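In the part that follows, the structures are each spelled out as structure tokens.
Both complexes shown next keep chain A, but they swap its partner, so chain B is in the first and chain C is in the second.
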Partner chain A sequence: MKNKGLTKVDLIFESTDVRKVMKKAFEMTSNEIIEQILESGLKGRGGAGFPTGLKWKYTAAEKEPEKYIVCNADEGEPGTFKDREILDKAAAKVYAGMAIAGKAMGARKGFIYLRGEYRFLLPQLYVELHKFHKLINEIGYDFSIEYRMGSGAYICGEESALFESIEGFRGEPRNKPPYPTVSGLFSKPTSINNVETLVTAMMIIEKGAGEYVKLGTKDSRGSKVFSISGDTPIPGIFELELGMTVQEFVNEFGDGDTKAVQVGGASGFCVPRKKFSETIIGFEGVPTGGSMKLFNSSRSMYNVLHNYLEFFTEESCGQCTPCRVGCQQLYKGIEMVKKGESKSTYLNELVKLADTMKVASKCGLGQSVGNAFRSIVENFREEIIY
Partner chain B sequence: MVTLKINEHEIKVAEGTTILDAAKKLSINIPTLCNHQDLCVAGNCRVCVVEQKGARTLVAACAMPVAEGMEINTNSLKVRNARKHIVELLLSEHRADCTKCYKNQNCELQTLANEFSFGEHIFLDLVAGRPYEIDRSSPSFFKDDSKCIRCQRCVRTCSELQHVSAIAVANKGSHQKISSFHDRPMSHVVCTNCGQCVNRCPTGALVEKTYIDQVWDAIYDPEKHVVVQTAPAVRVALGEDLGFDPGVRVTGKMVAALRQLGFDSVLDTDFTADLTIVEEGTELLTRLKKVLVEGDQKVALPMFTSCSPGWIKFIEHKFPHMLPNLSTCKSPQQMFGALAKTFYAEKRGIDPSKVVSVSIMPCTAKKFEADRPEMRSSGYKDIDYVLTTRELAVMIKQAGINFLSLEDEKYDSIMGASTGAAVIFGATGGVMEAALRTAYEIITGRPVPFTNLDIVPVRGMEGVKEATIKIEGTKADWKFLEGAELKVAIAHGLVNANKLVKAVSTGKASYHFIEIMACPGGCLGGGGQPIPTNIEIRKKRMEAIYSEDTHMAIRKSHENPEVVAIYKEFLEEPNGHKSHKLLHTHYVKRESY
Partner chain C sequence: MYHTGNMVKELAEKHGRKRESLMPILQEIITKHNYLTDDAMVAVATELDISAAEVYGTASFYTFLDTKERGRNVIRVCKTITCSMKGKNDIISTLEDILKIKVGETTPDKMFTLLETNCIGWCHKAPAMLINDMPYTDLTPETVIDVVKGYMR
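Entry: the complex of A and B
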């Protein structure tokens, strides 16, 4: 596999004439928009990586007259803060992206589910929203957006739990199927997309899919905004072309002593130094919603894992057995091993449990706890035990 | 139709069928815990996970609809490993004191543990050493969170079947639990004590508050005269806990067993059910007369029945402005209690302070009802102890009685005579049917115009039922009802009660008389009945009740000879002075937390 090296780009935050892009989109047919997005190969930027074009296509195919486009701005993954920056700097593009998605699917109504801790952004977001509504009115297109606030639960970033939360219920994931594209918010066909996905989709309509596919790799097209934190001299938000290796990433952002990078937050994977050069950041290697956390040799990977498990133990909605109890068992289990109260071989049982959680949990939360667990335990076993 | 393969067997099923139901058709058993036939799908325990060829994860058989060409394996290695883990996880957060547990051997988690988890436990015990507190505040049941496995059956029962939502899920992650409003004790929330949650709890987290030991103590106390009454619905369900299939009538065996247990007098709630009909029927006719003849606008119509204590508490919480519409009649249990310590004691020449009155009920709310401060009109606590059908079965087992081979015996007298009308109190629509059999005859002097007295329109499992009866050929006293159409309605399950009362309260529907029972199917589906419950079992119990009615010599309440006698010897007249003192009550407005 040929990697592309590390290239900084500036697409998400560059200034754009959103009026022009929206007008262009509104003149296209629904099919033409979806075709462009499909051709671009854009995958969801929230982390799960579902092809955005397909999501829109499925939603568009539903006969129901009432449909919704929901922007997931719950941004709860530990170490992710890029959506805040995008909303702060480029809210108009998010709104335009939603309008374009709405046009593609036949939705006249959009909701933005904003992370509770981002409430401070609301005044300026409303100013921008007011401008957007005025603009879309001038263009003569029927589409409006409303904000809904989260209340701090990580699980509400899971799409169906997010719908429950908007609908006024306890934020718990639903059984799937039916998928949101068939029965989502208020049981209507719904496309739910991450903040960055919507901006990227708008950009693709602006520049054309042909232009976009020039960036990235076959499985990971385009560029992506990364939230970089941990042991790095330059923490912050960076937009990078997809396809670099972890080594190239570390060369740029590491402090010279990086021993591991947690890619994709607490629900992502831990890449140890020995695998830096063989691991590509993207869907062919380790996917990420943007969170990149660097750890240098002063960090105890036991503490890192312990912290993640404490987080999951707290943030599991508690609905399904594998996740609710599994998280507690992993959390308490590594404590017992560390204290020497359980044998080190108990870690093997815990890895098997993490595998069960991956296949038997109801939603992505429980299914991904095993990612960090397995990758940290397998690569830093000594640090967990001793 | 959809064709799929389960464990290599091909099967065609209707679209929308779940994998679980499709497997059932092939006689393939997939274990479940959170799933319950009466409730919506939750898919949260994950015990029923199966492997779907080509799928990234296992799928929950209870929640996953079938799809064309699907290939399912219900017992692959991957499935078995996951299932064992899940059962182990549930056990690790469950305080498994099985030998001390009231639900021992009637616990779905225990059954799964027997199948999947023997030998050493894999995981850490998460409840050992963790403090826990059992909520014993309700007079009807205990809530023990340390045994709760968060399947949420109780939560779904309380909201879907009962529209009460006294309990809901609170907190998240390791702190998630089933809780009440602001964690108040169960005695201080809208809980109606109906016990439907108790009936569906797969473990010992929700169990009735038991009075078995107190009853044994009373039986063995030579100073005490212990009378026992049995509710109509008990006789068609008790057998389920003692080796019979659902739907077998065990009235005679039950009487024999009670006598062997040592009760001094084995009597029948049916007697006061008949008395209720006469009292309540008279009350209804009096209300109608006041409105129609005297033009008294203050009299509340429609009149609601008041036999179901869960329903009483529901209306007290949720529709307190409708309390004047409730019949003032006590329930048959409480009428019995009041008479046991007055009329019965007098007749038998026993000091009423020595009488201990026990009732066997299909109901947990009856325990609450017996404790109500209003229920002491005899000068004593009218009912001392209420046992559920399940508790009676436990006593029979404790006493070593071979229930299956008992010879039938008859109730004692006095207060042991019954009619078919009283028996059907146990089924939804039964009180209405019994009331109509009597009221129609009082008004016209003729039996109700239905073949064999079977008022079919008020029977069956439909949530809300309606009927209209045209009154013709009235007797002189009731001329004002000539040609009138008596409109009645029936609801069972509080979710249906809520709909009906709302419709009445907002003027969208108008009736004269409404029967409401808190539990699905009426008392036969009560919270104190044998576990499990589902619609098939309730239908069988219902068939048994109507068959009991058909087999009775007397089938109208006002013809119960003991009822006739008690008016002559003691009460004087329906709704008379003594009746009002002993057999009628009042209600209180309650907050809705």
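Entry: the complex of A and C
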């Protein structure tokens, strides 16, 4: 497959007449909005990549009169900070995206669940929200948004844990099905979308799906905001067209000595140098919610994996055994191999455990631990052992 | 220790007495006092007409809803990978030196509590920390001293 190369774009942060876009959307039928989003091929920008149009379509299909649109601003994946920037610089577009989503599925109420670490943003976000409510009132449309805060729990970024938290409970993920589109917040049909997804959806309504599909590849349409950190001379937030290889990414952002890139945060995949040119960043290769961490040859991948496993051990909600005990055992396991208390072949047992967690864990947290574990252990086995 | 007094009653008037009022109430107590006392949790349970175990069970799930005594300023230094790579340990040891406490402890005058926390979303400006709600980024052992001194006055 021919790849697209690296192209910087500016769609998410460019200034937009949100009044005009909302008016346009409110004159469309629910079906017309959903058709546009489906045609655009937009997939969720939080990392899981579920088609946004389908989520809206399923929620719209529910007969229940009370429905909700929830904006997931609990960005907790290590290495991800783009949603903070979007809310900081373009909150009006997030609110407009929620109103448009609400129109598409018949929801009059929206909630934004903002992580506690970003509480300092609240005063300015309320100023923008006040302007938004005034604007939507002038347009003569019935829709309102409320903020709910997180309190430092990574797991609350998982959609059903987030609902539990808003409802006033421990943030423990629910069993699925039922899916949120059927029974979500307060057991009502709910569409829960990432901050960036909502802004992108708004932009698709503004420019038309036809324009949007010109960007990206068949499996990964459009552009994406990347959070770039680690061993790079230019850390920060960059919007890039999807479809580039890791090599092209490293050529632009690396420090000349990049040995690995962790794509998608602690729950994502580690790509070693030898696979840079064959790996595409996107749903056809390594999917990402935007977290890109570069490591140069001075870094120990044991330390990287150890740090991730400590993170998961602390952030596992503890509800299901495969995740709770699995994280602890992986964490202790690599320490034992490093200290020579276990043979290096014990790593094979640990990889099996990570695979078991993938199938047996209740939610995305436990299911994803194996991504980083397997890709780091397989590609940097000698660094884990010696 | 702080006195609960009428605070919880007033917060229940403001946020409501439904189960979903629980998080906003606990979060506002934290904003005021940085931790939840047993008295405060029992008062919340009474106002919301739920068991105190439910309140404690919920609070203890969330890292920021501390149920142990904390100082007036809670410092949370990010320990996740990028901050860790970019000198988090130097920041911690500088803080331990000037505050004369270890991670997890509170100064005897109850002014500062020093903690580590997981990723706070400032990896591009690592190392980073929060003091109460405010983020401080691109820290060096020199700048972190200035930041903390600002809270000593």
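By our rule, the second predicted complex is superposed on the first by the 386 of 386 C-alpha atoms of A that agree within 3 Å, B and C clash if a C-alpha of one lies under 4 Å from a C-alpha of the other, contacts with A are read in each partner's own complex, and residues count from 1 in each chain.
Note that in this section a contact is a pair of C-beta atoms (placed from the backbone, for glycine too) under 8 Å apart; a residue touches a chain by one contact, two chains touch by 3 or more.
Computed from a predicted structure; not experimentally measured.
> Once the shared chain is lined up, is A:89 touching chain B (first), chain C (second), both, or neither of them?
It touches nothing on chain B or chain C.
> Taking the superposition on A as described, I'd like to know which of chain B and chain C A:314 touches: first, second, both or neither.
both
> Taking the superposition on A as described, I'd like to know which of chain B and chain C A:274 touches: first, second, both or neither.
The answer is neither, since A:274 touches no partner chain.
> One more residue to check, A:81. First (chain B), second (chain C), both or neither?
second
> Looking at A:324 after the superposition, I want to know if it touches chain B, chain C, both of them or none. Which is it: first, second, both, neither?
In the superposition, A:324 touches chain B alone.
> So which one touches more of the residues on chain A, chain B or chain C?
C
> Looking at the overlay, what does A:170 touch: chain B (first), chain C (second), both, or neither?
A:170 contacts both chain B and chain C.
> Scan A:153 for contacts with chain B and chain C and give back first, second, both or neither.
Once the two structures are laid over each other on A, A:153 reaches both partners.
> For A:229, decide between first (touching chain B), second (touching chain C), both and neither.
second
> Chain A residues touched by both chain B and chain C?
153, 170, 172, 314-315, 317.
> Once bound in the complex, which stretches of chain A touch chain C?
For this pair, the touching residues of chain A are 75-81, 84, 115-120, 148-154, 165-172, 186, 227-231, 235-237, 266, 293, 299, 303-304, 307-308, 311, 314-315, 317.
> For the complex, which residues does chain B have touching chain A?
Contacts found on chain B: 41, 43-47, 49, 57-58, 60, 63-65, 78, 81-82, 85-86, 89-90, 92-93, 122-124, 126, 149-150, 152, 168-169, 171-176.
> Quick check on the complex: what are the chain A residues that touch chain B?
153, 155, 170, 172, 175, 177, 312-322, 324-329, 332-333, 336, 342, 349, 352-353, 356, 358-362, 367
> Going by the contact rule set out above, which residues of chain C touch chain A in the complex?
Touch list, chain C to chain A: 18-24, 26-27, 30, 57-58, 61-65, 79-82, 84-85, 117-126, 130, 133-135.
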